[in-house]
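Once you scroll down, you'll see the structures, which are given as structure tokens.
Here come two complexes built around chain A, the first alongside chain B, the second alongside chain C.
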Partner chain A sequence: MTTIKELRVLPPLAIGRLGAATEPMDNYTCEVDPEQPLAPRRLRPAPTFRVDPDSGAITGADTPDELRFTDGNGRVRPVAPFLEVWALTSDDVLQPLTLDLLSANDLTPDAVRWRVEVGNHKIQRRTYDDLDKIDADTGWFSDHAPHALMGRCPHFLDDRFLPLGHARYVKPTPEFPGIRLRFTPAAGYVYGSRRPTDDIEDDPNVVDYLYDAAKGTWRGHADRAGDPRLTIPANIYAGDDGPKGTWVSRGYLDDECDGLVRVQLEVGGQELTAFGRIGAGPPAYAPDSIPIRTIADELDQALHGPSASDQDTLEHARDVAEEVLRRATETVRLMNTEVMNGNTVDGRVDAASTMVRQDTADTGRLYEPIVAPSLVDSAAVLALHQNVLAALRSGTAPWFADVLRDHDEVGDLTAKGRRKMPALMRGADGRHLALTRRQVELVRLAARQEIFRQDDESGETR
Partner chain B sequence: MRSRVHRHLASVVPELFEDHTPVMSALSVAGSLGAEEQRPVLPPEFNWRDYTIMLLHVAAEIEHSLMVQYLFAAYSMGGPQVPDELREDVRGWQEVILGIAKEEMGHLVTVQNLLTALGGPMNLDREDYPWGSDFYPFAFNLRPLSAKSLATYVVAESPETWSGPEADAIKAVAAETAGHYVNRVGALYGRVDAILKNRDFLPDEAFHEDTLPYQASWDEWGRGYARGERGQEAGNVPDVKSPELLVFGVFSRDSARKALHEIGEQGEAPDLDEQDETSHFNRFLGIYRALTELPPDQQALVARPIAQNPVTAHRLNESTAVGYASVEVTTSPITDPVTALWAHLFNLRYRMLLTDVAHAFRLAGPMDNGGVLTGRGALVHRAFAEMYNLRAVAGRLVELPLEKDVPGGQSAGPPFEMPYSLELPHHDHDCWLLQRDLVQASRLLVEQLSEADPSYAQDPYLIALRESDRRALDQIEHILGRKGCTR
Partner chain C sequence: MSDDRIDPMNLTAQLHYNAAGNPPSTLPESAISNAYPGLEFDIRNIWRRLLVGIELHESDNYVVSADRGHENLVGRRLLSVGDHDVIGTVVGPIRPGAGSAPLTSAANPDGVMMLEWSNSLADVLADHVGQTVPCLFTVDPAPNPVGKPEELPDPRFQVVELEVRPLFAGSAATGGYLPVIAEELAGPGDLTRGLCSPWQNDYRECACYYWAASRPDYVNVEDTAMGTTTGNHWFAVHREPREYVLDDRFDSRLVSYDDLFQDWQGKLRFIVGGNDAPEHLDAGTEPKGDSR
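Take a look at the complex of A and B:
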């Protein structure tokens, strides 16, 4: 049972985080403190691979004593995920691809070939000019050196590229024999646009100029009102007020990206391939909090469908209800609820970009705070959420299912509709945020069934 | 009802005093309630404004009492003994009754607004039980849900015109359960309205619109519930519509009358329209019909086996019976020491809820869209938090034994015992001292629970409650340190 039949890259989706520090972020877990269940989650150091910068081999997997998110000089440590190759050796056995398994198939580590292709199409998404796409491709490699992800674009200044980080085939050793690749994202810099002939003053926001404003239209671009392809809301790029109410791009670009990690291995004359997805996002500045709706929730819904099913136990539904509440509490802690509610703050009306402003801008609705202005003192809102969480931990059925916003209520601009939970936040469709349908369904399942429970039968199914 | 209120009731419920001395019956000139055309008569010791305020105090107590009894009934429902095939119905009925209780809270708060607009003191008090009141629709009685207790609720909320064989049958069950019934709530509001609408009794300037910032608003208290659109929206349970919380600000004679009219209407179905599911009467009647269609052995499985009128241990081993009409109301002392601690915790959090509501009425809401926030919002949130705590602790009490070492015995339930006083101190600073006292008392009880049963040291709710109390204390100390309300 050692013949490699198929390959997999695990995890199939890995998200890195930008950072300019040399040493990537240490590994940690994020868990509820049993003694302080209403507090933010507790971060605890976990075993962390150390990769030797010269050889590319893992030299240790110790647990650090403490966690530091910067290098001490203000540079953020990037989150650099590992992608492992696993092998299907029979129909029901998936095992890590290791030196031993390669050897059993008469292969060596240099038989494994990698290729990483990533892109940053943010400018193209605005200008709809394919020559504004920024792409990087390492080509196939089997060595253990870092391979820079050089984002190239036809509209860049001559010989310039956007550094998108690097990928490295970690050198397997007898101590750490697994076959893995590490993706280290870019530094998290902002770059600018200029014409070759420009004599530009230093812009403190940018570290360098990459985009040729003579070739492409990104600097000076303005979203055209009424274009059905626009994001909702539109104009979400760094810019300045232009003529006729337009929002004119400064021509900035960032170094986020996403793409594919491909692996290839020829076994017994047959070429096996697999791929995983990678992406790089901004650093986590509240790593002890989880947003109330995440990609994991979307995937859960994609896997299991929008409804609760017979497979969903009451216990699971309860856990989901508590998790929703906990994340809501963590989110409230990060919000300036007075501003986000549209209150007049320090004499300022419409003090920031909020759902209140957006409701008015999109539909001409009366500019009106979402909940009663007296209620949104941040500390009081946080205390309320903590109390709801506390009560939920008593085993009480969740009673807040009826204040959750349904997926088809995101455009309900009545006072009641705007006050549904989650409140004051925008969803991906530009309207008020709703939980996934599955999250809502599971909270409702717990709400319906909980009262029939006794402590000893909590695992009962629907 | 306290005798100090009762002695004034001849003007509203003259039939109570027919057998009394000629002096008392002489006061019964107003005729029976409900005869709206009859001109109200001012009893001795009052002028019209003060008399109106006294009647509204009585109304507040009635709304408060109804709310508590409905909550008790709703909390009693459920448990592992409910057969699978009944669970959806039972959960639906519970949601309906909880919804009605929430609507009663809206009535209670609206009556406070009326009092505030008239410049009267608010009233969150009510008589402790057992309470045999001459004015009350039926004896105040905390009972698990059954066809009998439901019958009393149906009758209590029924319109005057309700009649026919079904009405007679349900009234008979209610009378057997709770004694003779007269719906005096609606009639009481009728009497108040007869005063409100008459400029000779109350001049326009009796209604103080400048109290609006102090009154409760639907925006603050309505939460996710519907305003004037019940039936539009699914609630926690499929097919059960979310409640319609009526909270009206009062700033004029007209708004005062509208507020009274609306809350009166939400109770009774005014036109006896059976298709209209909005009234409490029709909703209770719907449950009654569905429940009584079940065989008696199944009916008995709908609620947990919990005691009537559970009371805390200060009257240990003593069962108090109070006669009301033909019915005796009996209390059930909680003699299990651990259960008793939970019951004390419940009473304390109930007191905290009432204190938060009263305290919130002391502080004005912001006059513009925010501007400067007072502690009012925090107090409203604390009040809601206590409702959640009450629900959580009630959930425990319905599972805990009433008596120690009685296998298969009854469970306790939420006692809803009133505090010695609901008076707030004069100065706001001292109100916050009271708030601190209550939180500290809660911490003591949580500690005692952990000592009484070591397993509670790991209890997720008690750990969380302890932490939330600690955070509340931090906030209160912040306010007492004159650093502003919650910042």
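Take a look at the complex of A and C:
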């Protein structure tokens, strides 16, 4: 018999995306065209699970004819991820937990228990008041009904809660026997604050009032200049100018959240548990593009360390290098590089919030464009990226290894330092973006190893 | 299920696993990590509790709280962990034609900055989990940035040994890690707490385009006879004329704060291949109204 030894929830971090449409976003794939590696990725409809609203079972997995991100009535289709349970079994493989595997362990689907806990702690992060935390907890459940994620907060008006979406244990069937939960995020609404005694006109910006401004301080809160505990950047909330240069909160809140999906199963008298993570954020508005540096890159570095190892093949390094370049191209394609370079545009100096502006405002550095203004039209920058890819592939781009910014060079605001790659972008520490060290190392490995390969092929010694 | 089997030790495969039915926008590789403060998550928060006994600011080398026994570290600054500095210098020119020098100010007399945790603590995480490491702190509370002394010991600084916590949860069956961020590092709400409230405000407020692959800037771009390009600002209410309206929160040609609070779903357009998605063209040039 195949015995279940341990459970895991996959993916370990699933991202939901907000939207008010009734029907979640269809499934699709995002593929690179091998003939045009820097062209936009191709989106193709993919088999999409249809979950019966009554039974909670999957009734089909058809592929839609076309992709639509909205419902045609001004509502965005939410992205509602599935999280699967996998089992580490006595034969030392990780395999999906299914009806058959449950049965082989004398278990039925109702032996699987779920619990989802999410929070929206944005207000508490500003006010430092734990009574401003908004939390939702489904408690344990084994049924297949939708379980609302009702965000509750001690500082809410009586009997009010923040809808943070819902979680549902998808009913397994012989056709779709996997054990999975679906997280459907919230609609993406803005909510407001009021006192019970307020006689105020409806604020058109909010769909409802949840926060009791008589209990908590969120409405009217102002980040205190000089407080080292402030968010960085500070003052990032909807507000209005207040006295002495303060930024005074309107008391708005949203329905984003993140948290844990727990699963529990008793096998042979032993309680097995596992958890995955979920979050709800805004839509990916350019779904055929991938950011240059992503949360997957962070976690990859945290798992494997900042250095390349024997496990990292040259082929893998080349794939990483090409992917970094592809992502850079995708960002450049959607960025007005002329503006972001700090050029004077339409007669306006300091035309936008750019690294040029930030460098001067934060450090007093001389205000000047990052590269020569004549070189940064989007068409020219895109062409440059195409050329770099061609050079990387032909093994003639060893110099590419040297133009990447190291993580400890982000404060190098010399002219040369600011021109390193990725250029024109801001990192998590507020200065010029560096890739993860692991990304940098793999790209350098790819760029430099190309020379070795070329030399080796020519028979020359290095 | 998408695949039949995964090697339980293959954490990369598990981390990148795409469950059946999930589009790619559910994956961590679709989420930005140059979090300042972030879009989907403020991922900087996973590092706050890496050192046992203290809680760091998610994006500064400042100790915001501490467990019993380490209360004296609250308000101080952490400068290095083991052999790895968590601060760097800020240098550049201040006048045209001048050379570069440390960029100092009254609030930053040493001209230094904190280096994001993900990169500055990467070696510590790789080499020292479960071990104690010498951590260099200022002796006094330091609300402003402080540079590292040229020589140690220095009476203004103190070394404190702290244990490094694992970032990932552990597997009892394999004795190794699982590819999920440990509960001790981040609880519910921790990964989004630093994001703008509401997030719609940040879409207008920031007006910067460091996340163009998620939140586009320059769309419907076409070549001009001059050999340059023209196109729309993503926030342009109208797509004709095809010109880039410079960001200005008071310019009625661009989507406003109130537009986003009230009807972001109707005002913002998905971009495919650099252009407005066909469904927006089908619907005409004017987005449909209030989505509530």
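As a working rule, the second predicted complex is superposed on the first by the 436 of 462 C-alpha atoms of A that agree within 3 Å, B and C clash if a C-alpha of one lies under 4 Å from a C-alpha of the other, contacts with A are read in each partner's own complex, and residues count from 1 in each chain.
Convention: contacts are C-beta pairs under 8 Å (C-beta built on N, C-alpha and C of every residue); 3 or more make two chains touch, one makes a residue touch a chain.
It should be emphasised that the depicted structure is a prediction, and the values quoted were computed from it without experimental measurement.
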I'd like to know which partner A:386 touches here: chain B for first, chain C for second, both or neither. first
Does chain B (first) or chain C (second) touch A:57, or do both, or does neither? neither
Determine, under the contact definition given at the top, whether A:448 touches first (chain B), second (chain C), both, or neither. first
With the two complexes superposed on chain A, say which partner A:38 touches: chain B (first), chain C (second), both, or neither. first
Touched partner set for A:345, first chain B, second chain C, both or neither: both
After superposition on the shared chain, which partner residues are touched by A:295: those of chain B (first), chain C (second), both, or neither? second
Contacts for A:126 in the overlay, against chain B (first) and chain C (second): which applies, first, second, both or neither? second
Quick one: chain B or chain C, who's touching more of chain A? C
Touching A:375, do we find chain B (first), chain C (second), both, or neither? first
Check the residue A:148 against both partner chains and state whether it touches chain B (first), chain C (second), both, or neither. neither
On chain A, what residues does chain B touch that chain C touches as well? 345, 368, 377-379, 415
Considering only the defined contacts, which chain B positions touch chain A in the complex? 77-80, 82, 87-88, 90-91, 94, 98, 217, 219-220, 222-227, 233-238, 242, 365-366, 368-371, 373-374, 376-378, 380-382, 384-385, 388-389, 391-393, 395-396, 399, 460-461, 463-465, 467-468, 471-472, 475, 485-487
Touching chain B in the complex, chain A uses residues 34-39, 338, 341-345, 347, 349, 368-369, 371-381, 383-384, 386-396, 398-403, 415-416, 419-421, 444, 447-449, 451-455, 457
